[in-house]
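Structures follow.
Same chain, two partners: chain A is paired with chain B first, then with chain C.
Now for the complex of A and B:
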């Protein structure tokens, strides 16, 4: 009897701890939302008067607009290239034997632990040497390297979970390797591919440190524009933009969770 | 040998990416060994001066501070993330599970700038905490929270929390629940079961999480730059100042190389120290 009371108390304490930590996670987002609707240019809690005007200002601000456009270009290209490279390589990694297999894998995965300022600096100097420092190519190349491990992992996990007997069945019925790939393997991998692409696109769109090094005024992405804004101005436009950012990301993730199973994508759920 | 259709087509793009990445890293290494020519982006002759300059107390101090901040952040993140990962894996209700997952993971995708800005709003002199404390009458003038290590580490824990949760949850999800039931049926209480069964079995996740948190904190730039405000400096801030403000690429490169060597040394040390722990883990 004593144990069951004790266990119940432990459960309640645990639930409170979890709630408190989730509160800590949400706190900045909640506070920024409050700040975004404050009518005054100076922070005040709680706001005395409320308004939407900072949202209008953030949307109308030129650097944010061009940063958004540049971000879409960079994230679109980088995540699509990473998807292509990651999918083909994950396939080769899972099925084939070839020279330098582990070396290429290690190099590509190491961008996870190399500080982003080092990667950014490397691409910046490299691009400056060949005269590409002001273009999109270096930004996209840098982002491909940064997001590739995530795509690779997502596709690799899906490949591992794929029932190879389905491919063997297609092959034994006379389908060529190309046909097996297109009609059996790729459709079965689809959720992993979409998930990996989405992850890569979101991460690329939000990449800041490396972008700060490799972007120029013309190719500046949204996080870099936001950073420059925070350094120069203190009005709540940035809070308004943050709120839009948080809402968009949470919506995307909720959709990804509903349709793709975020838990499986991140490998935190075992299949039942 | 099994046929390997499309082998070259499949490996070539990845090899190209790996080559590009290696080229960028090689450039950093090469620049770190060259002299700085003021007013020019080109580097001068071969030299080791950049590395000997790193030994100056000013830079040595930043290196020590960086490692200390990374260490504290990794440990605090582990403590805060474990209950969340545990709840995420053990929650029975699908809605609660999804809610925990989305709340815990969303910050990962917000990027450093939005999160750092949000913490500025929380910590600032007119910020949330100071306003709340003033209203409650706990303090009569605003506390200086910005520009302190406490503020920087709190924000950094917030940054690394999602990755840690993901890695711990991945490890916890793969523990066979029958082990815990076995311990309980043999008379172990909930705390004993946790300490002697669940915790050791999740060791691989702990190691992966701590090392990743360490590496990510090392990589953080916007948080120490904006919240530290020059009072709390990390290697990333120095690299940025030297590289993009004074265009001293060679010295920035030398700092990066030294930082990289330091991260790898510490990470392998962590892995090595954790080996006895890992023996408990599932294989």
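Now for the complex of A and C:
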């Protein structure tokens, strides 16, 4: 019986450990969420009195509004361009053998190991050198470099999982290469393409470090706007914005999961 | 176009091949393909008649899949020509070749319904909707699949998926149907019934078919003719019976069907070849023995059913000891040890139900060779030097 008691205690301890770890993981988000509802104009935890007013203020704040708009523009363009470039390279890497293949792959994935501030600084120096203002083109170009590895990996893994015999079967049935692409390859790659694009868009929208270097007042994205705000004010509107951020991302991912399957999105699907 | 050389020897008269070229559905004219330094297909000559089921048989890596892919247009020949319907297709891409192909894993489109899978080839040909629907329904009923039009491939069993794949390949009325090891994914019972069914459908439609397999019993039971391949070369082309009874060389003899290889000695008379084995004298075809002199050693290739236990008074070809039995229901496989004539165990097939009791393990038995089609080949060089 002692043995079973010991096992039961071990079980309880294990459950506590798991709960503690889970709690620790969601702690920051929970603290911020609670702080957002503080009626007082300070970032404090836990709040004494409750209010929605910081949500209203965050939504109304001009810099946040333009930051959100800029973020959508930058994320949309950057992830779309990265998708186009990444898909092209993924096809080339998957289907063809050519010299310097490994080198090209390494270069494309290099922004994973180069710190974001280095990339941001690089683009800043470059833009200054050729006399460009810190306009959207520089910001978007910078973000393309940052998100490209994620799109590339996502599409590449989907391509690897695509049975090429399906394309051969289509060809044997009379489909020209163009029609094979449209009727077989692209539909089967769609989850990987959409997933890659979505991942890139979220990463771009959230990106701060490099964006700090390459954005100007006119082009600043939401994280940069938030940073500038928090340098001057310390009221809970930051926290309220964070809550909206979390909700928006969660909604997006839930929708993506419902329509694409999160397994496919993260490329952990098992081949049928 | 007939090429000398034992390697490519066909048992059909070469004249027939030449005369049959008008009605050949698919022809390979000295087709070669290499991958880097590996020669996958070497100088292949093959003529497949209209409506015929031709099997490409050989172990993995023998070039049979390469040959199939060349006909399909997935690969392009390095040298030689491939003809479909009398027209060279070397420059014609797969999608214009009007073929139908069934893949080993069926390769059904997972994102399409069964009806869309089967109708794919018709859509690519721009067949109008009502016509398309009718032909899809016909094809599905041909393979005896009813009521699955709206399902997805993953909702079907392996056998059903195979039927869909067959319907999809046949619905376009292909000039040639290509089957790439189609039965390997099915379990034993299903395999036998699908084989029969596909053979029936093939005969019914009269569609020229190239069938790739490494399974010799499958090849023997399904084919009109078989091309046995090894190391990139076509070693023999012939009917299943010809391949089994008159194999062109050692490889074909041992790859197709069970065979015992026995050491004998050749005695040549005028235009006859006789092999002496124990007290037995066995007449064998002379063609494979052109380079062997009288008195030399030869290897005798004897099928299990060509051997039986000797009755008293019959000439005994060899003596051996019963080493094992395998009961198979209708017959019993007996394994003999006879080290003087054969390094491995000999296989004898007995139809007697009480063979296990009559010849228990350890029994010393005399064996006689009875049968008209015993073949002899010159020994392999390595063994000859011993």
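Simple rule for what comes next: the second predicted complex is superposed on the first by the 243 of 272 C-alpha atoms of A that agree within 3 Å, B and C clash if a C-alpha of one lies under 4 Å from a C-alpha of the other, contacts with A are read in each partner's own complex, and residues count from 1 in each chain.
One rule holds in what follows: contacts are C-beta pairs under 8 Å (C-beta built on N, C-alpha and C of every residue); 3 or more make two chains touch, one makes a residue touch a chain.
Because the structure is predicted, anything quoted here is derived from the model rather than measured.
Asker: After the match on chain A, would you call chain B and chain C a fit or a clash?
Answerer: On the shared chain A, the partners fit.
Asker: Put chain A at the vertex: what angle do the Cα centres of chain B and chain C make there, to the nearest 10 degrees?
Answerer: 100
Asker: Using the superposition on chain A described above, determine whether A:250 touches chain B (first), chain C (second), both, or neither.
Answerer: A:250 sits against chain B, while chain C stays out of touch.
Asker: Between chain B and chain C, which one contacts more residues of chain A in the superposed model?
Answerer: B
Asker: After superposition on the shared chain, which partner residues are touched by A:98: those of chain B (first), chain C (second), both, or neither?
Answerer: So A:98 only meets chain B here.
Asker: Determine, under the contact definition given at the top, whether A:174 touches first (chain B), second (chain C), both, or neither.
Answerer: Touch status of A:174: second partner only.
Asker: Given the touch rule stated above, what does A:208 touch, chain B (first), chain C (second), both, or neither?
Answerer: After superposition on chain A, A:208 lies in contact with chain B alone.
Asker: Applying the touch criterion given at the start, work out whether A:148 contacts chain B, chain C, both or neither, answering first, second, both or neither.
Answerer: first
Asker: With both complexes overlaid on chain A, what's the closest CA-to-CA approach of chain B to chain C, in Å?
Answerer: After superposing on chain A, chain B and chain C come no closer than 7 Å at C-alpha.
Asker: I'd like to check the shared interface: which positions of chain A are touched by both chain B and chain C across the two complexes?
Answerer: 177.
Asker: Given the complex with chain A, which residues does chain C contribute to the contact?
Answerer: The contact residues of chain C facing chain A are 72-74, 93-101, 103, 105, 107-111, 120-121, 124-125, 154, 168-169, 172, 178.
Asker: Over in the complex, which chain A residues touch chain C? Could you list them?
Answerer: Within the complex, chain A contacts chain C at residues 163, 165-166, 168-177, 179-180, 183-184, 187-188, 272.
Asker: Please output the residues of chain A touching chain B within their complex, sorted ascending.
Answerer: Residue list for chain A touching chain B: 3, 6-7, 10, 14-15, 17-18, 21-22, 24-29, 31-32, 34-35, 42-46, 84-86, 88-89, 91-92, 95-98, 100, 103-104, 107-108, 110-119, 121-126, 128-129, 141-142, 144-145, 148, 177-178, 181, 202-203, 205-209, 212-213, 223, 226-227, 230-231, 238-239, 242, 245-246, 249-250, 252-254, 257, 262-263, 266-270.
Asker: Provide the residue numbers of chain B that touch chain A in the complex, in ascending order.
Answerer: Contacts found on chain B: 3-7, 9-11, 13-18, 20-25, 27-28, 31, 41, 80, 83-89, 97-98, 100-107, 109-122, 124, 126-128, 131-132, 158, 161, 166, 169-170, 173-174, 189-191, 211-212, 215, 218-222, 226, 235-236, 239-240, 243-244, 249, 252-253, 256, 259-260, 263-264, 267.
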